[in-house]
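Labels run A, B, C and D following the written order; every chain starts at residue 1.
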Amino acid sequence: MSKVYPDDKGRYGAFGGKFVPETLMFALEELEQAFEQAWNDEAFMNDYHHTLEEFAGRPTPLTYAERLTEKLGGAKIYLKREDLLHTGAHKLNNAVGQALLAKRMGKKKIVAETGAGQHGVATATVCARMGLECKVFMGEEDMRRQSLNVFRMELLGAEVVPALSGSKTLKDATNEAIRYWVSNVEDTFYLIGSVVGPHPYPKVVRNFQRIIGDETKQQLQDIEQSLPDAAVACVGGGSNAIGMFYPFLEDDVELYGAEAAGMGVETSHHAATISKGTKGVIHGSLTYLIQDENGQIIEPYSISAGLDYPGIGPEHSHLAESGRVQYEAVTDDEAMEALKELTRTEGIFPAIETAHALHLAFAQAKKMSKDQILVICASGRGDKDVNTIKESLEREVQS
Amino acid sequence: MTRQTVREAAESASYPLFIPFIMAGDPNKETTIELALTMQEAGAHILELGIPYSDPLADGPVLQRSALRALKHGMSLTEAIELIPEMRKKGLTIPVIIFSYYNPVLRMGIETFIEKLTENEADGVLIPDLPLEESEELSTLTKKVNLANISLVAPTSSTRLEKIAAQAEGFLYCVSSLGVTGTREEFPPEAYAFIEEVKASSEVPVAVGFGISTPEQVKRLQGSADGVIIGSAIMKKVEGLQAELEHEAKRRDALQSIQQYVEGLLAVPSSHQQ
Amino acid sequence: MSKVYPDDKGRYGAFGGKFVPETLMFALEELEQAFEQAWNDEAFMNDYHHTLEEFAGRPTPLTYAERLTEKLGGAKIYLKREDLLHTGAHKLNNAVGQALLAKRMGKKKIVAETGAGQHGVATATVCARMGLECKVFMGEEDMRRQSLNVFRMELLGAEVVPALSGSKTLKDATNEAIRYWVSNVEDTFYLIGSVVGPHPYPKVVRNFQRIIGDETKQQLQDIEQSLPDAAVACVGGGSNAIGMFYPFLEDDVELYGAEAAGMGVETSHHAATISKGTKGVIHGSLTYLIQDENGQIIEPYSISAGLDYPGIGPEHSHLAESGRVQYEAVTDDEAMEALKELTRTEGIFPAIETAHALHLAFAQAKKMSKDQILVICASGRGDKDVNTIKESLEREVQS
Amino acid sequence: MTRQTVREAAESASYPLFIPFIMAGDPNKETTIELALTMQEAGAHILELGIPYSDPLADGPVLQRSALRALKHGMSLTEAIELIPEMRKKGLTIPVIIFSYYNPVLRMGIETFIEKLTENEADGVLIPDLPLEESEELSTLTKKVNLANISLVAPTSSTRLEKIAAQAEGFLYCVSSLGVTGTREEFPPEAYAFIEEVKASSEVPVAVGFGISTPEQVKRLQGSADGVIIGSAIMKKVEGLQAELEHEAKRRDALQSIQQYVEGLLAVPSSHQQ
């Protein structure tokens, strides 16, 4: 498995590219140049690492889940604790990186999209920290459902703009953010939240998230003097997954991505992009997506707001097609059970997104032997989901 | 009589070369067919037939709403292309360009798409989210069948302008100013210098789009651009006349008033209607 | 300032001691012995430190607040980031320590009290992690106000028992926890949440929290090659404050504790124990407390659930009386303003408890010179308080 | 006639030495005074007069509620102590012990407290949250004025038992079993062995408290303990008769029924009422 992706057209095999209005092309070229320079600039990288350490709480621990391991009776399970990162999820790694990049490029205004609010809070947070102006688009429907995150962003000094188009959720917030960027591309930096969007975004975000896997590799080396045998992550856009997977792509490590099966892949209520999607273009990138026979994008469904995206990062499409990573769809109910299991057994209360990875990981771990090692990317904490989980469990009790 | 190519139509027009954009299926097929003819009537030289899309990220609110209405009525890429022969049957002679986001095209398959276009006598394509770097596959095919693949340049194209202009087919779509489609009261002052720069680089006629909605704008562009592309202003009018357009008996009058509105926009001293 | 407190009667100067029913005396003696042994046992201490590192996320960063420092124009401000600890506050340091101690003592059942739920969640968390049975008493009124924390504790496998007595808040939950302990002292470990209660609890909790100050000292040494000139913490029971202060007690460092003035110390709605309290016994300890002229304990008030306690750790009473630490009362409104300031300027959204320390710290920092250093204990994150803050700001707008 | 000391009263009683606990001010002063007399009537040898406290952490729900009611009616340590002379005036002759948590005592000041006790002819004190290790200051003062400072031992006292028993004054309060005050249907089997151990260690009479609420329990303790302390059972009865006790005209009857109830609890074969 060669890692020279993306190629110079921003392609990961057949996927990726820059399918955007001409207005944005120059900005993407400018971003690409700026990113490549920054990534190779020691001062910038020091800034990035320093901010992650002194502000965001890196390195995050690699926690051995002893009781869980014993209970499942298979592989030794380790959790990479992105839930302990400032603001509660891996999203901040990327927000820090991109905001530093924006500053380096002399941009003082940031625009971002957000679904449940996780990336929006991360973005508003780094903007507050760095004194950048911040505008976050959020579907009007999501703003209603996640009003506390709206309030958090506002407290952080961000302006939250309702996306009124389409189904008024993440997909539409992304459209609106891109539209806003098109109109203000000269002084505004678009800080995208996952490994999606036009090139070079999937690469930029991957590089700012690979610290997850890099640290994991080092920590496991220190603890076990070994690579893991398998790594598991959940996949919305795919940023925490690629962050975990990327440093292991050329190693003998099995990689598993959990996407959201919602109410089941056999129903019309899911977000199982790889399992049930077809190729197409979304938000500037050629990738798998959920669409109808006319190429209209279908609003996906998952109990987890962070996995509720109709596309997936182009690199994942490539990794799926090449067979390097196994993607499986996990239902709402399966995720919920796994969430309860981890909480009760290890005292770690994960995000519902993460819980999808847990379900898949538990199933794999059971099939593995006791001398094998499996790491899970615990992408975020569950605090943001308490209401959803509560309602879901109450529904369960009633039915 | 063989139809003019897009380039011929563009080149033969005196100012303003007029390229209206209409959304297929808003509010229904019948209207779209009639509207095409109305535009020809009003002096259109080339027609942009828009394909409604769920996620039109280059479009402002007016065209977003228009697309939603069309989708609700079941319009699709296939059906839209198949409207062209019906327009022709009713007397449409000007070239027709299919305006679609890339995803519906990909979903159909590029080759099928090209086949359908030629079969149904379309004359060109415009994919707003397919920049030069990504359009090779499509261009190769369109060239083979003599379809114009329309390119756009934007104020931010900067060093890219030359490259794009060099490959332009039919006419060059010059995006007036940063932003999405929609009506703008005025263009920013730097817009005119940019348009002149584009004009100087281009061998094909240059039509300016994005935001044109007043006769003053059309007048002001004379001398720098060759023509105008008007979309949101027209579809806003259509939006205002939804009820009438859906009602067969009232459709004629509604179309009439749209025609007058468009003629008003184009009423520059040296009218093309000679 | 000598640190040989507490003496062998568990006294900090005139304060502390063991004012409990005879039934508990043996358990306290047993605890004291077990703790002294454990604290001097390398294996135990390794376990404690290892758990804090691999599970809880220690060391927490010491974040330089550059923008805030510039804005205030005085001392360089550093924040000790206990908000990044697993479960969101310093409380876990102590819960980990005591739970390990319970295991070492062979106790399988844990009982704890909680106010807003922060200590309850921390306790339920370590119990889940270590496979201990967990019962948390919580005032019925608090359970209503903090229903999501109740749900979190239950997800973690804890039983949350409503305290129905008195004003049905933290004071009463503590009474109930002690009553439960009295009835089950033989197999149950009482895991107290702050440096309060009978000896040896104030010492046990202080020792498990001193890691805050120990780390701060080391980190500042690494960054600035210097001690801070001042340290500030908020004081409810006083555990985060003593954790920060203790390692600096014999150094030339000014220490400031912020207690809750609620609606103002001149009103009857405050929790300003040192400023307005008198000596007495509460929950087994002789200390300052808020009481009426007949020695009946008065229900305190603060917008912050974690500072809403009528007593204070006995060591603080001693430090106040000896003048080593300056305690000042900060009102709800002052805390709220400081909370907004930190959030907007640094992208760190603190707990309302912490915000009391912030107000006091900002005021001190302004009086200090640019070459001086002030550290603030950021005891917890604000996520738990979003609702309260939102309501409070909305009230402000209306009035 | 001079009053018996607490120890004399305890030692002169034949089984069961009966020590009722009543909460001062529940539901009002008048009742408390009458109730003291009723208890003497029912055979009490020593009276424990409870001071209501906001945070009574050794007490179960019955006494918590009782304290709350008393506090609501404004009862305080000072007022409670001042009830004793009124009881005496009405004929109370048995020793009276003030039962209070430590905080109200501290708030009053220990010396003032002791002065008030002697002034008002109290005979002893019992502070449930003041274990041996903390009681030196108080003991020194009580010894000076001949007040009994009552100590408690609990099943968990273990190695502490000897030490506590050695310093016991008046009688030794033996906590029947783990837990707070309140009625218990039965004691755990190991309670009896413990009580015998206490009895063996103690030079003063041993009275068992915490949970006594049935004649069977009283009967079962004969031979091991010297007597019983009954609190929650009595105050539960008081709670049930609140309305009557607050109503002057009905108070007599209510007290009567409490007396009968208590006599029923104590009705062991070799009655002390000879």
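Note that in this section contacts are C-beta pairs under 8 Å (C-beta built on N, C-alpha and C of every residue); 3 or more make two chains touch, one makes a residue touch a chain.
Predicted, not measured: the structure shown is a model, and the values here were computed from it.
Chains that touch both chain A and chain C: there are none. Chain A and chain D have centres, each the mean of its CA atoms, that are 67 Å apart.
If you average the CA atoms of chain B and of chain D, the two centres end up 98 Å from each other. Separating the CA-averaged centres of chain A and chain B is a span of 38 Å.
Looking at chain A, no residue sits in touch with two or more other chains.
Arrangement of the chains shown, judged by which pairs touch: a linear chain-to-chain path with two open ends.
Of all possible chain pairings, those that touch are A-B, A-C, C-D. Within the complex formed with chain A, the residues of chain B that make contact are 53-61, 64, 68, 71, 76-78, 101-108, 128-134, 151-160, 164, 175, 178-180.
The part of chain C that touches chain D in the complex is made up of residues 9, 17-27, 165-166, 171-172, 175, 178-179, 182-186, 278-284, 286, 289, 291, 293-297.
For chain A in complex with chain C, the residues that touch the partner chain are 53-57, 60-64, 67, 81, 83-86, 88, 124-131, 148, 151-152, 155-157, 340, 343-349, 383-384, 386-387, 389-390.
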